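What follows is chain A paired twice: with chain B in the first complex and chain C in the second.
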Partner chain A sequence: MSRRTTVRLGSFAAVAVALWFLPTLQGPIGFPIFYLLFGYTLLFWFAQASSWNMFTGYSGYFSFGQGAFFGVGVYTTGVLAAKRGWPLIAAIPVAGILAAALGLSLGFVVFRLRRLQGEIFALVTLAVAFVVAAIARVSSKIDGGSGIALNDVQLPDFLGTFPSMMFRLGLVIAVLTVFAAATIQHSRLGWGLFSINDDEAVAESLGVPTFRHKMMAFGMSAFFAGLSGAVHAIQISYITIEDVFSIRIPLFVIVMSVLGGMRHWMGPIVGATIIHTLTDRLNRASDLELFGGNVTVSLDHLNDIIIGLLLIVMVLAVKDGLWPRLVDRKWAAAGAFVVGILIARIWAPEMSPIGQFVAGELGAVAVLLPSSAVIDRWRSRGGPSETPDEPTSQPTVGATP
Partner chain B sequence: MTRSSQSQFLRGLILLVAFAMIAAACGSSTSDTTAAASPGTTAAPSTPDTTAAPGTPDTTMATTAPSGEPIVIGSTLALTGFLAATAAIHKVAGDLFVEQLNANGGLLGRPVEWVVLDDESVPDQAAALYERLITEDEVDAIVGPYGTGTITAAMQVAERYGYVMPQHTGSLTYTYGYDCQFPAWPAGRNPNVTNSELVFDALESTGTPPKTMAFVINQFPGTMYVAYGQPDTDEGGAVSIAADRGYDVVLDIQYPSTTSDWGPIAAAVRDADPDFLFLGALGVDGPNLIAAMDALDYQVPGMFLQWPAPGPMLGVGDSADGAMSVTAFEPHTPFTDDPGYAAIAQAFSDAATAAGLPYTAFETQASASWAAWQILVAGIEGAGSLDQAADCDYLLNNTIDTVFGPIDFDPDQNNYYGDL
Partner chain C sequence: MSLLQFDGIHKRFGGVAALGGVSGTLDEGEILGLVGPNGSGKSTLINILSGFAEPNEGRISFAGVDVTDTEAHHRFGAGIARTYQIPRPFSSMTVRHNVAVPLIFGKTKLHPSAATERAMHWLEFAGLASYADQPVSELNLHQLKYLELARALASEPRVLFLDEVLAGLNPTEIEESILMIRRIHDLGISLVIVEHVLRVVNALSTRIVALNQGLVIAEGAPTDVMADPEVVKAYLGSRWKHA
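This part shows the complex of A and B:
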């Protein structure tokens, strides 16, 4: 194990251990239980977006298969834990293995056929989700169309109360997934995937084992999506074909990864944080009271419009995702983040900590939106000296770690 | 796909999603005619209402205005999505109940505030919102959502935190082992048997029952349960009961809840040409299928619809002749023999008219909603507190008066009663 990998492993372990004990502070500190569930959902999106990005973001093969892998994970818990009485803890790894088996089976076929690249690959992966959903619907052993209630699942009591348990399970899976994504990015596998992304034919001619690299990444992507889905089944409480295999999961992970940036493991983390916190607070904000309640802004029915408009602005303005710009403008973003929080505290003192975080987040995003050309023009008028808009250490074809 | 074209594809996809979100939001904001949309609240009115709801405890407090901190009751409803047409009825009924409750002294002498969030007809969303209502908003009590899927999901959350959950119309009865969930409508413990037997008994009572029968079933958990029985055990189910009774089942197909193209289904029914169509329908499935059959110049002699939104069927016209459904309450005798219930039915009709609902009668959905609120109030007033365990105990150990008559809840029957 290289020194860099050891440091990364230590960092992830430290973060995981620190967060593991967060639920035990809920009582002494007195923060609402909801924060643990909010944290779980955020961790769930970290795992889903990171697992999707470790294949599609790195290799460029556009996959809609996330819905199928997630669905396999959810229904593994439904069938094994709810119908057959397995403990949840035992069902989770099986879910990952089954999802990985599906991914590897699919990959074994499609990666061997050159004509299944590009948009055709995306359509094939989309079709797989429909096929898996149809199998679950017609089989009464799986669902049969009636859905599965998960009220009798044996939960791991040693992980604490329900919110604590969900948070800790979500934490373990998110840390494993993000660690895997970070490790892949900096490994020979990751560099091979980036070379496939840039030009697969050239990569092959230079000796990159493209088939093996794609199989490994696709299998791991499916594995972590399945693990995460297995835990999320408990949060859903009652699983139905329509909800589990809907287009929501694949679309959200795509939006999160593209928004954050797909060529770095931190991209999905940034994107998931922005999308989840923003949608959560906007969906709550029926009436936003400002200036001590003197001004009330009603956001009924405007939530999706606001989120949609923000997405349009961000996607049009930020080509390679927010993460490269965040690296470039970290101090400006940090300042804007603090200013956003201060403004929120002054204008709406009753705003929850999550709401204040979103306010700071929007401030930081506002700093990141202007293109490098705009920043360069500003700098040419006396601002700080020029720095590249995104990291210059992008791997090149044929490069080795 | 080169990196450049992949990037363009992704950006295009996200823009498409963003525009779709905006379009959907615009659509939902214009189609939702309820007064308090998602999320919204219904607060105490300023004037007392003398048409107090029977079953609403302590109506003698009509002249005493509620005071103190409001009691916050949380719930979700399918204000958007495929169940929205029916959920709108529950919204009007709940608003009216809370209004009358506050006009008659409130709950435990305090005003009541109803917080309603939009679960978009999605169980996943309902579970998350109930989790939030309980753990973040810390509401004092909850009422169930509308729709079997969302009810089933919300019930797991209620059980997790020990909340009493009266629910309107949950039909996946075999899964509801939580003692503190209280179904309002008289669906019975085994609607997978009793419901279809009721329909077939009615057909046979005419003396000229149909010989051939077609089953077209929405892939919704409740309708699937009634049509095919309990999964794994295959116990009951309208299709097998029909075969056992000697009907010739000439068609048995299912369709997704999100179906929008009804042409192929209508063609299948026309080709089977049954004497009777058993449509496991929700919301506006019935009018949609009838319209598609009209387009084929075909009409079935008789039709049963499981749980339709009642209003849209009125607009179908002559093509709906012969259509029937189940009901638990209608605004006429003997249901309205009690003048209090007659007054409620009239008040609901007025409120539904004002809200712009297409069907304003106080029937199954509205009455089930009303009964759920009556159960909630009876538990809190009876126990004299907002303690969930005490409220649950009171409801389990006392006869509860509702618009459907007195109810004794029996956990051995998963608290279901009646035989609808």
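This part shows the complex of A and C:
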């Protein structure tokens, strides 16, 4: 293990341990239990978006299969834990393995066929999600069309109360997933995937085992999506085909990763944080009453519109996502974050901490939206151009005898 | 024993025979010139020998081992490298990282951090050291072609296929590139060069194979092949059509 990997392992473990004890602080500090469930959902999205991105973001193969892998995870808990009485803890790893098996068998077929690249690959993965949903609907051993209630599932009591348990399960899976995503990014596998993203044929001709690398990444991506789905089944508590296999999961992981940036493991984290906090606030916001109460706008319904608009803006204006820009302008973003919170506190003193966080976050995003070209122009306004003179193209042709 | 040997290579695209049974050898230390008019099958042959495309028939052996069914990435590791006629850099990576990829995955199998260091050696060889941490979009065509060479050389191949490395370059750049090709040969690498500039092929090659319509029409010393009536006819015919 290289020094860098050891450092990464250490820091992830430290974060995990610190957050593990967060639920125990709930009593003494007295923060609302709601925050634990809010935290769980955030960790759930970290795991989902990171698992999707470790394959699609790195390799460039656009997969809509996330819904299928998530669904396999959810229904593994449904069948094994609810119908057959397995403890949840035993069902979770099985869910990961089954999802990985689906991913690997799909990959084994599609990665062999060169013509299945690009849009066709995306369509095939979308079709697989439909097929998996159809099988689950038809088979009475799985769902049979009536849904599954998970009230009686044997939960791991040693992890604390229900909110604490969910938070801790979510934490373990999110940390494992994000750690895997970060490790892949810096490993040989990551180098292989990024070169596949740029030019697969050239990658192969420079020694990259393209088929094996795509299989490994796709398998791991499916594995973590399945693990995370298995825990989320408990959160949903009554699972139906329509809900589990809806477009929501694949759509959200795409928007989150695109928003945050797909070439770095931090991208999906940033994207998931923004999307989850924002949609959570919109869901809970009271209806806006306009024109003296004559027109009522439910912010809840604005959610999908905002997600859609965000995706359009990001694809058009911020192609590489927010993360690279955040690294570039961290102080400006931090400043805008603080200003956003201050404005929220003055304007609406009763606003909840999450609401204030969203206000700060929107401030930071506003600073990150202008492209670096605009920033550079603004920085160098009036000053002389700082671009160095183009070096003349005189490659040295070695020592002449 | 020859380093590279291929027998009866056939390749059909639909109903069209791109290669109709091509055989040949490459000996250690040779510079083999592959000439022929457009569409004669030169690039197809290179694609097949480097593992990029599969032949419909025929066998290929490299250093005494049959590699006909060996995947391209294994052939690269074994010592068969190639460049592309139109440079195909990894556009989202820096110049240095482009060269690190073959060091990580080729024969050397270096750890990524060691590979990024070692990449400098080949960037210096190709005269691109000052561009190491620039994005590839900063390079001009001539430099991109050198980057192709640096990537191919990074894995210390035994055979290197050079697919039209001179196309699109100005006369000065061509002279430099010829010196570069000689330097690569001096590293002990056997070369197969596909080139339209016949003067260059003549000057560099130790032996020439001429292809036309997927068949070998002449083979031998440069001066003999160039004087061959079949070759002259193939070239004049093609020039006439393309004029």
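Here is the rule we go by: the second predicted complex is superposed on the first by the 352 of 401 C-alpha atoms of A that agree within 3 Å, B and C clash if a C-alpha of one lies under 4 Å from a C-alpha of the other, contacts with A are read in each partner's own complex, and residues count from 1 in each chain.
Throughout what follows, contacts are C-beta pairs under 8 Å (C-beta built on N, C-alpha and C of every residue); 3 or more make two chains touch, one makes a residue touch a chain.
Source: prediction; values computed, not measured.
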Chain B versus chain C as contact partner of A:37, first or second or both or neither: first
Partner chain(s) touched by A:199 [first = chain B, second = chain C, both, neither]: both
Touching partner for A:188 - first (chain B), second (chain C), both, neither: second
Chain B versus chain C as contact partner of A:328, first or second or both or neither: neither
Contacts of A:207 with chain B and chain C, given as first, second, both or neither: second
Greater chain A contact set [chain C / chain B]: B
Which superposed partner A:2 touches (first chain B, second chain C, both, neither): second
Chain A residues contacted in one complex by chain B, in the other by chain C: 197-199
Complex contacts: residues of chain C adjacent to chain A: 50-52, 71-73, 76-77, 81-82, 84, 88-93, 100-102, 104-107, 111-113, 125-128, 130-131, 140, 142-143, 146, 151-152, 155, 176, 179-180, 183
Residues on chain A engaged by chain C in the complex (per definition of touch): 2, 4, 186-188, 191-192, 194-195, 197-199, 201-211, 263, 391, 393-398
List of chain A residues in touch with chain B within their complex: 32-34, 37, 41, 60, 62, 83, 117-119, 137, 140-141, 143-147, 149-152, 162-163, 197-199, 235-243, 251, 254-255, 258-259, 262, 284, 286, 300-305, 307-309, 311-312, 315-316, 319
For the chain B and chain A complex, residues of the former touching the latter: 1-3, 5-7, 9-11, 13-15, 17-22, 24-26, 28-29, 32, 37-40, 122-124, 127-128, 131-132, 135-136, 138, 149, 152-157, 159-160, 172, 175, 177-178, 219, 221, 224-225, 228, 230-232, 234, 254, 256-258
